[in-house]
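Each of the next two complexes has subunit A plus one more chain, namely subunit B in the first and subunit C in the second.
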Partner chain A sequence: MNSSVRRVAVLGGVRIPFARQNGPYANASNQDMLTATLDALVEKFSLERETLGEVVAGAVLKHSRDFNLTREAVLGTRLDPATPAYDVQQACGTGLEAAILIANKIALHQIDAGIAAGVDTTSDAPIAINEDLRRLLLDLNRSRSNAERLRVITKVRPQQIVPELPRNAEPRTGLSMGEHAAIMARDWGLTREEQDELALSSHRKLAAAYDAGFLDDLVIPFLGLERDQNLRPDTTMEKLAQLKPVFGGEDGTMTAGNSTPLSDGASAVLLASEDWATKRGPPVQAYLTDAQTAAVDHVHRREGLLMAPTYAVPKLLERNQLSLQDFDFYEIHEAFASQVLCTLKAWEDPVYCRERLELEEPLGPIDRDKLNVHGGSLAAGHPFGATGGRIIAGLAKALADDTHGSRRGLISICAAGGLGVTAILEKP
Partner chain B sequence: MSDRYRQLANTPIGRMVTKQVGLPAPVELERYQPGQPVISGPVLLGAAPHSRLAAPATAVLAAIGAEAHTALDDEARGAAAEARLDAAVFNPQAAPEDERFKALVFDASGIGSSEALREAWAFLHPTIRRVRRSGRVIVLATTPEECGEFPAAIAQRALEGLVRSVAKEVGRGATAQLIYVAPGAEDAIDSTLRFFLSPKSAYVSGQVVRVGSPKALPEKIDWERPLAGKVALVTGAARGIGESISEVLARDGAHVVGVDLPARSAELEALTSRLGGSSLELDVTDHAAPEELAAHLLAAHNGVDVVVHNAGVTRDKTLGRMSEEQWSAVIDTNLTAPQHIDRELFARKAVRENGSVVCVSSIGGIAGNAGQTNYATSKAGVIGIIEAFSSTLAKLGVTLNAVAPGFVETGMTAAMPVARREAARRMNSLAQGGLPIDVAETIAWLANPASAGVTRNVVRVCGQSLIGA
Partner chain C sequence: MSVRELSASPNMAAMFARAGAALIPGASRLPFVSGGAREIPDLTLALDDVAIDPDRLARYDRVCGFSLSDSVPATYPHILAFPLHLALMTNGSFPLPPIGLVHIANRITHHRRLRIGERLALRVWATGIEPHPRGRQFSIRTEARVADELVWEEASTNLRRGQGGGGGDAGPRGQHHRETGSLEPVATWALPGDLGRRYGSVSGDLNPIHLHPLGARPFGFRSAIAHGMWTKARCLAALAPGLPERFTLEVEFRKPILLPSTVEFLEAPRDGGIRFAVREAARGTPHLDGDWA
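Our next item is the complex of A and B:
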């Protein structure tokens, strides 16, 4: 057994444009989108009939029939059907966690190359039947005689026919993620203006990235969509200011403009050992050098639901002997503008750093010009499982393209359940 | 004795009437109950750049378990982290209107010029209307005489006008105070900050207090019983304010030696036995009284820690009609007796180190009052005692302060003519009379061994009376 640990190369990624809920992808299933995206990656890296070490992917909103979603998608691609696959699910951290799992197997010589992917549809969402009805139907299934069946069927009441739509609510607090983010915004004293400014800059940067051709080989048209449907290149502070608050009550500061919309889409990233990359030809864009997850207690200690990355990053920094300022790119997932702003304020705050993170000194401010340089989720949209792949592919390319001596990028993704997934990408 | 007007003004109809007639609406003031936290409600802390008192202030807030808030970019936030004070974030630009504070604490010690006074405005402007009922505004500053630079001294002195005006504006039973802290006395503010944050200071407002460097601070203090093991002498203890002083000092752990005229022996005896103290019947103007007192304290208690000169009388008459007997009775009781007693106690080294002497003066002594030339003379003289002896006593590690009550609801004020009484009661920022307990709590703060840095102060307990202001 080889006990050394290998460096893990990011060779690149692709995604389909992200669509808004009930938009152009209204009738596309998770499997449709994931298959199309994986196949686009196969095409990009000429992986036809290749047997890869593993494909790992996941979706947050999943039908029970999709228990083997990734394997089924792989069987629909031009990859060799002998390529193993499995599903993961870690809320909005799914895509990045998939990449970490692939990377760790590569690092340990268990596989040489693999694909990390993610997908989500909020349009073709699973609907659960009413819990009472479900029990009755299970009883019915167990019934042995017609008389028994009839007895069970007569127990059905009209109100039991109402289906249960998936809710974007935290099971233990009953609050939606937006409401949780609104509590954070209030706790940190965020203004509407600073949140709108971040949203505006996200749209401007993503629009500029499209215009500069940066996304040409990252985004593959799908079902007639060529750019992210949510992108509004011509939005302004005035337009954003007109939107009514949707979370945090009447005098809340969070709107549809500074929160991500429900979206549909998929992304995939190819990771490999350096040997594999050298043999196969594609240049190494970046190395995935380290990763860290964390969780906060939003239930008993009432911590901010989306603040877990603030805990994960200091651990990454300490292990790698880096300061927060030692990065050239910061990719902080814009679930809500408030999440990004609270995170940045927390890292600058001596009280939070001392009391929560147990740091003697605050991590300090970052150079805002290095934040989400090609736009973020506020502009692109956020199909939960697909965001990690979008960020990894974009950051790896930014590092590869850069000619100004950039070396390192930080990825920070918050997730439901008080989770956070973070990672470091470094230039070869 | 009961304040009918306040009760009436707090009924719905009463509120309507008082509003239309333009009378101040008195608020029922919160008062301290044993076992209560120092402050119940959030505290907003701010500091001007280069301030030096945020650190000791955050240490106090952390120690009392206050729910603290600061602005994110505030100078005080670093101090909060240092003190392990888990302060929440406050941003006036984003905070909803209903976010209110029980206390605003502003460290103005960094203000070095009149231009920089803007910092005080910037802190108070968006927050002053966020002060809750019976709330507190406390400004910490540097004693002007101890500022190195003139512009700083002037700016620090200017804060008096700000705080006294805030006390008049803030309303709803809230108070405002200015605490001057001498350089080097940062660690001595604990008892003072606690007192002014707490409901113990209910009827004290618009005051300027000076905290200097004490000879020594007690190493450890039980804040529930800061006078445990101490002996306190209270003159005029049998009734009124003296009775309340005795109760509060006993609550704080002191053995109270109550003194009053033999004519009041029944009340005095009842009080001191209830408090587990002891009593001494004597007339403080008696020429043998000082000797008798000192001998008793030394024999029974090996000395005394707290001396409260509270016994007092009035003999009101306009000067032209005042007899010599009326003049002398007041001067002898209120002004001469405390001096003789102090002289004897200190000559015999009966007052222990880390002790305190508190004299009860009066607003009348500050402002003067028609019909009270004798009384005002005596009470102004009491302030003279403070000014004359405080530095001598400081060398012995003993503090010397005066409290100057305004209108306090006692038998003395109940005897006033109705119209004068009603006017006297209302003419202050809190629009009501004080209670004996308010004077007593103030004395207990001054008697607290942790108040060793507080000397030569005259603290008015008057709801910021318009008289003599």
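Our next item is the complex of A and C:
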């Protein structure tokens, strides 16, 4: 057994344009989008008939019949059917976690190359039958006599026929993610203006990235859509200021403009050992050098639901002997503008850093010009499972393209359930 | 050869009405009802600028088992050309009325991948009537072009049972079936009773024989029968991942699938291509034999 740990190369990624809920992908299932995206990656890296070490992907909103979603998608691509696959799900951290899992197996010599992917549809969402009706149907299935069956059937009530749609709510608090984020925004004293400014900047940067051709080989058209449907290149502070608050009550600061919309889409990233990359030819764009997850108790300790990345990043920095300022790119997932701003304020706050993060000194501010330089989820949209792959592929390309001596990028993704997933990408 | 340029896809309801009229005894003497002439007319129908509707394609993909993508399945242009097929066969100068024809074979040549957003120019004509051991056969030929590039071709062969057949002792079809005895079953498909209605509503092929047992009984079937082109498309969906862009897909339709049914899909490599078949699961009744090359 080889006891050395080897470096993990990011060779590149692709995604389909992200669509808004019930938009052009309304008829597309998770499997359709994942298959098309994996196949686009196969084409980009000439992986036809190739047997890869593993394909790992996941979706947050998934029907139980899609238990083997990733494997079924692989069988629909031009990859060799002997390529193993499995599903993961870690809420909005799914895509990045998939990459970490692939990377760890490559680092430990268990596989040489693999694909990390993610997908989500909010249009073709799974619908569950009413929980009471489900229990009655199971009782019916267990019934042995007709009399018993009849007894079960008479318990069915008309209101039980109404199905259950998936809800964007935390099971233990009953609050939606937006309502949780609104509490964070209030606790940290965020203004409407600073949230709208971040949203505006996200749209401008993504539009500029499209105009500069940065996304030409990252985004593959799908079902007639060529750019992210949510992108508003011509939005302004005035237009954003007109939107009514949707979370945090009438005097709340969070709107549809500074929150991500429900979206549909998929992304995929190719990771490999250096040996595999050298033999096969594609240049190494970046190395995935380290990763860290964390979780907070948003139920009893009243920590903000989306604050877990603030806990993960200090651990990552300490292990790698880095300061927060040692990065040239910061990719902080814009679930809500308020999430990004709370995270940055927390890292600057001496009390928070001392009492919550147990740090002697605050991590300090970052150079905002290095934040989400090619736009973020506010502009692109956020199909939950697909965001990690979007960010990894964009950051790896930004590092590979950069000629100004950039060396390192930080990824920080918050997720439902008080989870956070973070990672470091470094230039070769 | 005379070419008739159409400005829009023909009205399917009107054509099915005309096709139905040909079943009425004596109606074929009317000038607008097919069945009057003896020879296939020297006529090509052409329709340009045919778009691929993403919603219709999505419904087609679902009912046939394809993954939804930007690529158009090789069997899809058939349903775009089908109104022209019907227009040709319901033309007053066409010798054989379309209802009651049996689709016995179909060959598609796929020159390259077609994508949503491309616009097709379709040309449809029929070849001459030939004798068949069980009647008379002819083929409808279709070509699809994008700009001037030939991207897709089809030969769809139909049989008119009885009526002056039997003369050809070595008919091109019906005598020597492909050897499919050695194929291994790889999948079982449960085909629902409403499959013909579902495929019919997507494809526009609303021939009553596919829709309901009441529509099928006058033609001697106890229940509705599956569309042959659905079965062919379902086979392609089963084979599709990993196929190169250029191929021919040739099938021979054997006994109709009486719906609902449970069938087996069989396949094996053969001469650098793939031989495949569909059989009834319990009794092994042959439904379709085919080759991908």
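Side notes on the structure shown:
Keep in mind that, in the parts below, the second predicted complex is superposed on the first by the 420 of 428 C-alpha atoms of A that agree within 3 Å, B and C clash if a C-alpha of one lies under 4 Å from a C-alpha of the other, contacts with A are read in each partner's own complex, and residues count from 1 in each chain.
Everything that follows uses one rule, which is that a contact is a pair of C-beta atoms (placed from the backbone, for glycine too) under 8 Å apart; a residue touches a chain by one contact, two chains touch by 3 or more.
As the structure is a prediction and not an experimental result, all values here were calculated from the model.
Annotation for the three-chain superposition on subunit A: subunit B and subunit C fit side by side. When both complexes are overlaid on chain A, the residue A:297 reaches neither subunit B nor subunit C. Using the contact criterion defined above for the overlaid structures, shared-chain residue A:78 touches subunit C, although it does not reach subunit B.
Of the two partner chains, neither subunit B nor subunit C is touched by A:326.
Applying the stated contact rule after C-alpha superposition, one finds that A:224 touches subunit C and leaves subunit B untouched.
In the superposition on chain A, contact of A:351 is made with subunit B only, not with subunit C.
Shared-chain residue A:31: touches subunit C; no touch with subunit B.
Using the contact criterion defined above for the overlaid structures, shared-chain residue A:211 touches neither subunit B nor subunit C, since it reaches no partner. In the superposed model, the angle subtended at the C-alpha centre of subunit A by the C-alpha centres of subunit B and subunit C comes to 150 degrees, rounded to the nearest 10. Fitting both structures onto chain A leaves subunit B and subunit C with a minimum C-alpha separation of 47 Å.
Counting contacts as defined above, no subunit A residue meets subunit B in one complex and subunit C in the other.
Of all residues in subunit A, only 24, 27-29, 31-32, 35-36, 39, 48-49, 75-78, 81, 221-224 touch subunit C in the complex they form. Across the interface of their complex, subunit A is touched by residues 70-72, 77-78, 80-82, 84-91, 93-97 of subunit B.
Against subunit B, the residues of subunit A that register as touching in their complex are 185-192, 251, 253, 345, 348-351, 353-355.
Interface residues of subunit C facing subunit A in the complex, by the touch rule stated above, are 54-55, 58-59, 62, 67-70, 116-117, 241-242.
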